[in-house]
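Chain lettering (A, B, C and D) follows the sequence in which the chains are written, and residue indices restart at 1 in each chain.
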Amino acid sequence: MMNNGSETIIERFRSITENTHEYAKSLQGKGKMLAGYMCTHVPEEILYAAGIIPVRVLSSHVSQAMTRSYIHETYCSFSHDCAYQGLQHNYDYLDLIVTSSSCIHMAEAFNVWVRFAGFQHKSYLMSFPHIIHSKPASGFMKESFEEFRQFIEKFSKKTITDDDIERAIKVYNHTRRLLQQLWEFLRRDNSPITGPEVATVTLASQLMDKEEYNQMLEQLIQRLENNPGKAPSGVRLMVTGGACDDLRIFDLVENLNYRASLIFIDSCTAARYFWFEVPEDRSDKLEAIAEGYISRIPCPSKDTVPGTGEKKRFRFIQQFIQDFKPDGIVFLCQRFCSPQSMDIVALKPILDKLGIPWTELELDTTVPVTLFGTQLEAFVETITGVAP
Amino acid sequence: MSEHTLINEHPDFAKAQVIVAGVDVGAVSSKSVILLDGQPCAVSQVKTRMPEESASRAINEALAKTNFKLENIHYIVGTGCGRTQVPFAHRTITEIPCDAAGAVHIWGPSVRTVLDIGGQSCRVIHCTGKGRATAFLWNDKCAAGIGRSMEVFANLVKKEVTEMGNIALQSDKFPKLSDFCSVYAQSEFFDLIRSKASKEQAIAAYHYAMAKRIATLAARSGVKQDFVIIGGLARNPGITDWVEKILEVRRLAPKPEWDPALITALGAALFADTFYRRQQSDVSKKPEESQCA
Amino acid sequence: MNIGKILAGIDAGHVATKAVIMRGRELLGYCTVPTGFDVVDAAQAALNSALKNTGISGNELGRIVATGIFKEIIKVPSLNVTKTVPEYVADATGAFFLNKNSRTVIDIGGNIHKAVSYDQDGTLLDVIQNDKCADGLGIFYTNMANALGLSEEEMSELALKSTKNLSIAIQCSLSAESDAIDLMCQGADIADVAGAVSRFIVERVADMCTYMPLTKDIVVIGGLAKSRAIVNHLPDLTKKEVSVLKLPEYVGAIGAAISDGGEK
Amino acid sequence: MAYDITTWKDFKNYQSACYRNYVNDSEGLRCMGSTWSPLAPLKGLGDDILMIGGEPHAASTAGTFPEEAREDISASEVAGIGFHSCSYLKLFVGEVVRDRIGITDGTIKQGYPKPNLIWTTHLCNLHAKWYQEVSRRLGGIPMYAIDMIGGGNAEKDPKIVKYVCDQMEQGIQWLERITGRDFSDELFIKATRNEIKVLVLWGNICALNRHSPAPLDERRLIALFPPAMVDRTTDECVRLYEALLKEVRYMVETGQSVAPNQRYRIVYFGLAHTYGHPEMARILRDAGAEIVASVYTFGTAGNFKGIVNGSWTFDPIDPAWVDELDLSTRRKAITELAKIVLGWPTWQGVRSYWALESMAQAMIKEYKADGLLLAPSRSCETDFRNGYVGMQRIFKSKIPTIEYDSDQVDVRKMDLPGAQRKTELFVHLMEAHKKEVYDK
């Protein structure tokens, strides 16, 4: 097999996503403070500027009923799973848990940590607008970030200068640019790296110290550029939907009976996490951060342009379709995530107009390998049009 | 079941050019159909236990009705949720294309929508006149297992599934149960007993609820005519009648000689037939043709 | 209480109807029949066969007390049910009667499950019942046994042999069923599937129990208490010792029978 | 002897008239959107504003036509709306899909009256998306959603108040643009004062339920708060509630109640699940148990003092305060309106469990409750679902507490058998609790 070490780097990333706690604790060993965050709307730059490493709280994929008496049945498995980890004290090593008022399901997971898992005195809930595309929203964000900054200064007992923030912004932007470079490979018909691998590397970015991460990712990209590339992508599938940190599902897409490739994932655990930049060298750093976070692919629960009611996210999706040329779209929707399913309703006619077939997978804690496998294979079969 | 009526009594497999079989390992029952030069020659249907063992039981039961053996079959296609567990299959195809192929083969090129109500899953398939599936809708998690839940329900009321289906037709005035989830419907059914509803009403109510859930799925994906219903539950008049009423669409009349539960297996057999012939012509042309769809 | 008096208790449950005949504290006869649709017939049948083994004739019966979800329906002249008690009262009374040290009873029935706690006099303290998504655990258990082609007993024994901790979705018995089927289709070992099925049930029951302090001693009753797999798993999650009462499915009926005549 | 509210017919008529006008009026500006929005800005556009709200309309439709509601919900599911989405939304969208509308006077009109604009709010994950969908289906109705950020003590947080004010200010400019009308500050300010007045009055009416016997029960509260939900900006609406306050005061003075038999006083946390609640209420009434305080009927159209030094109180606000409010300029009016709207208890609970708990504690204490009834609404995205599971855990040891599954308007998700079992148990527990208390 011809790989010039790219496989080994990817393996390293994968092992970090599989051993998140060990990795995080190793950072602590190096004297770093750790802040867990439950929603990607938390401005990590501010934490990073204070020398705190933000690590995303991800699910453990353990099927359990314990949280049913803490969070309502009809909450997404992701929030149940994250709450479970709090109750199991898997994250007790965190110095701080932060979330922004966003998805109510995740907010409830946060509440469980605070109310029942002993995080009362090391938690911060940042109020974040639920409609982001308005002038007042950016002003509000700025104020809310300022409060956050002051809290972090008190918490970390160090002042956060504008230079600190600028440095953090640059580090994070670098990560974002590198990730975009990486994802660009998937536009090719014979990408040197597979979609699931890209998903793994992207997920790792939400768990790692960005400086270390950037170095590793740079190496990876270099090596990939000299890679000849793998087999033609076959049927190109794009995934759009909610948070999904279960890499088994993405692997599934490429282990079908047919040649199929995962070429894009629009979700807050993938593209939505990094597909933007924070303006650099602005005088007002917090305003810059606000501007950056507003320019993201919006989360369906925040996506209403005042005046028109337009969903900005759809523009991004159509752009990605143009750029990455999928043969089919897979809606990977967290069960019980209403905003996602509302978007799907409106998205289907758009895709039908573009003549792109779609199918739906309903996400839960467990991955029904046969069922998903069957639905995906059937999807590929309808796309390729097998018939006797 | 009328599964023997279609069988050519003296299959002369020695003369047959192409002997193929489709094996459909479903969640509740496993079926197989053997074709001799495209003609059905034996079928079988057995209860699914563990998939691999059930697949063997299914094909053996069908072979028992013939005068030939497994090794005489040229090509076997496995389908159904247990398709990966069919050790003797040359290839697998998912239920969706098989449903379409089978339905069109039996009801003809006018079929555009196939509703397959199985033991575990419920799916709607759109297809072309050539039997090619163009789109499908799989049941959401809350609508899973309707077929099996009917069996459970039959046990609760101590009735045969089909008998129950007929009872369900005897009442059209009944309280509505939750048509959202069969667990809910079940609990509410007990409440009907508690409120002393008649047996006919209660059974009709449960059937209506399940039919409504199925019909919602079908309507969601859009029903184009001609419309057919296949799968185990297609045998239950209590379900099919209500589905038709709710959708306000008549289905093509069921074929007495074909058990609707066998259509998917038939589709698989048709695929087997095609693949084998293609393979033969490929071999005569260039060898080593990949089996990729 | 009057030692000579012959008491009968009928527990008309969702799935099974249980009847017991008692003289004072002594259990003379008992019988279970599937409830089905004709609840009264079932109750009558259960009572008759319970009597049969005792040699007591119906008219020797003192009073008949009914409990269970259909308790009101079986209040018909032919059965002359003289009194009804709520299920949770019957459970508490029965469990306390059979084990004076018990303070909590967990009842895992065909369609619903509940936990009841009471004090040293058997006085009811707290009750918690399952929510709608967790309905039908017992029915599901039977259903899965059929699906795997096993008796409930066999499935339980197999589950104990399970070596892999396979997980199935926990939302409800429906999603659990689809996942169990999915595991089978992946070629999983039948013992591990059985293990996953019983663990699912224990997960749901244990979760419900976390709503109230489980005071010792904890006894388990109801049809599913007969499954060793379930009873063995339960302590793992409740972090408490539990014991199963003899004839667990009859405890409700016994509680009903003795809840007549003065004392609670 | 149960007391009959004399003014209740007027309330019904007011509500029906509002809907009738929206449905039938030939000219006039049709405005759709959550009635959980500040409504006065719409009134700045003129005196021909016809409004149709989301939740109250969906709720009353379900109440008036249970079968229609079922059909509407299933219609929107067929149209692709998620099976787990808000059932208010499904019913509302269902009417649009079926192109028919049913209103509280019992009439059903074919042809859904298209709104000229959508003026609404966003708070839960779904609220604005609901109207996005309606807008899409009706061919792109211009819509403006105000982010009601929410969170515990919102109306006292200058950052949040400013945020909402700025949005309203922009919204008003948008309204002018979209309608081509001039915005009259005079009309707006008048409407604002009415809106605030009604909300304060309703708070006062609810607060009278602290007396024993409580003059009103949940059923009457549900019947009496629609006008405040549908259109609280008119002089007539103010008059209605002033009259009602007078009448309920009289009931208290003469010790009368619409449900005099109140052995147990219950605090209720849950939506008015139109289908299940009457069934439960019957069980409770037979046992002499009445809901005397409910966060939904109190907090959706009523304002109270809210958080006072750290903990919640349902003390009413003096109506006289409203008359003295300085609303001389647009910004001042907007600010007061923003504060009052942000102050709604039902919103404070969203995304802030501590406020929800604090509310429950206050209600239990101030309304001398014997039991706490929690009915999380299966398809609701707000605190009407999420907070309650944890609350049962917290309150169970303090006071008889049960929790049963319900749903806003989706019959199929209501756990009727379970709820009945649990309600019977609830009564049993409250009785046992009373005994305990007497023993001590």
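Please note the rule applied: a contact is a pair of C-beta atoms (placed from the backbone, for glycine too) under 8 Å apart; a residue touches a chain by one contact, two chains touch by 3 or more.
All values reported here derive from a predicted model rather than from experimental measurement.
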Those chains which touch subunit D and also touch subunit C: A, B
Between subunit B and subunit D, the fewest steps along chains that touch one another: 1
Two chains sharing the most contacts, counting C-beta pairs only: A-D
Subunit A and subunit C: spacing of chain centres that average the CA atoms, whole Å: 46
Centroid spacing, where centroids are CA-atom means, of subunit A and subunit D in whole angstrom: 36
Approximate Å spacing (C-alpha centroids) for the pair subunit A, subunit B: 40
Two or more partner chains touched - positions in subunit D: 79-80, 392-393, 405, 415, 418
For subunit A, residues that touch 2 or more chains besides their own: 69, 73, 335, 364, 370-371
For subunit C, residues that touch 2 or more chains besides their own: 131-133, 135, 169, 171, 175, 178, 182, 185-186, 211
Subunit A contact footprint on subunit D (complex, rising order): 79-82, 84-86, 118, 122-126, 128-133, 135-136, 141-147, 149-151, 159-160, 162-163, 166-167, 170-171, 174, 178, 350-351, 353, 376, 378-379, 381-382, 385-386, 388-390, 392-393, 405
Of subunit B, residues touching subunit D in the complex: 140, 142, 176, 178-181, 184, 187-188, 190-191, 194, 212, 216, 219-220
Subunit C-touching residues of subunit B, taken from the complex the two chains share: 25, 27-28, 47-52, 81-82, 84-85, 120, 141-142, 144-145, 148-149, 152, 155-158, 181-184, 186-187, 190, 193-194, 196, 199, 202
In the complex with subunit C, residue positions of subunit D that touch it: 392-393, 396, 403-405, 415, 418, 421-422, 424-425, 428-429, 432
Subunit C - residues contacting subunit B, complex: 14-15, 34, 36-37, 39, 69-70, 72-73, 111, 132-133, 135-136, 139, 142-143, 147-149, 169, 171-175, 177-178, 181-182, 184-187, 190
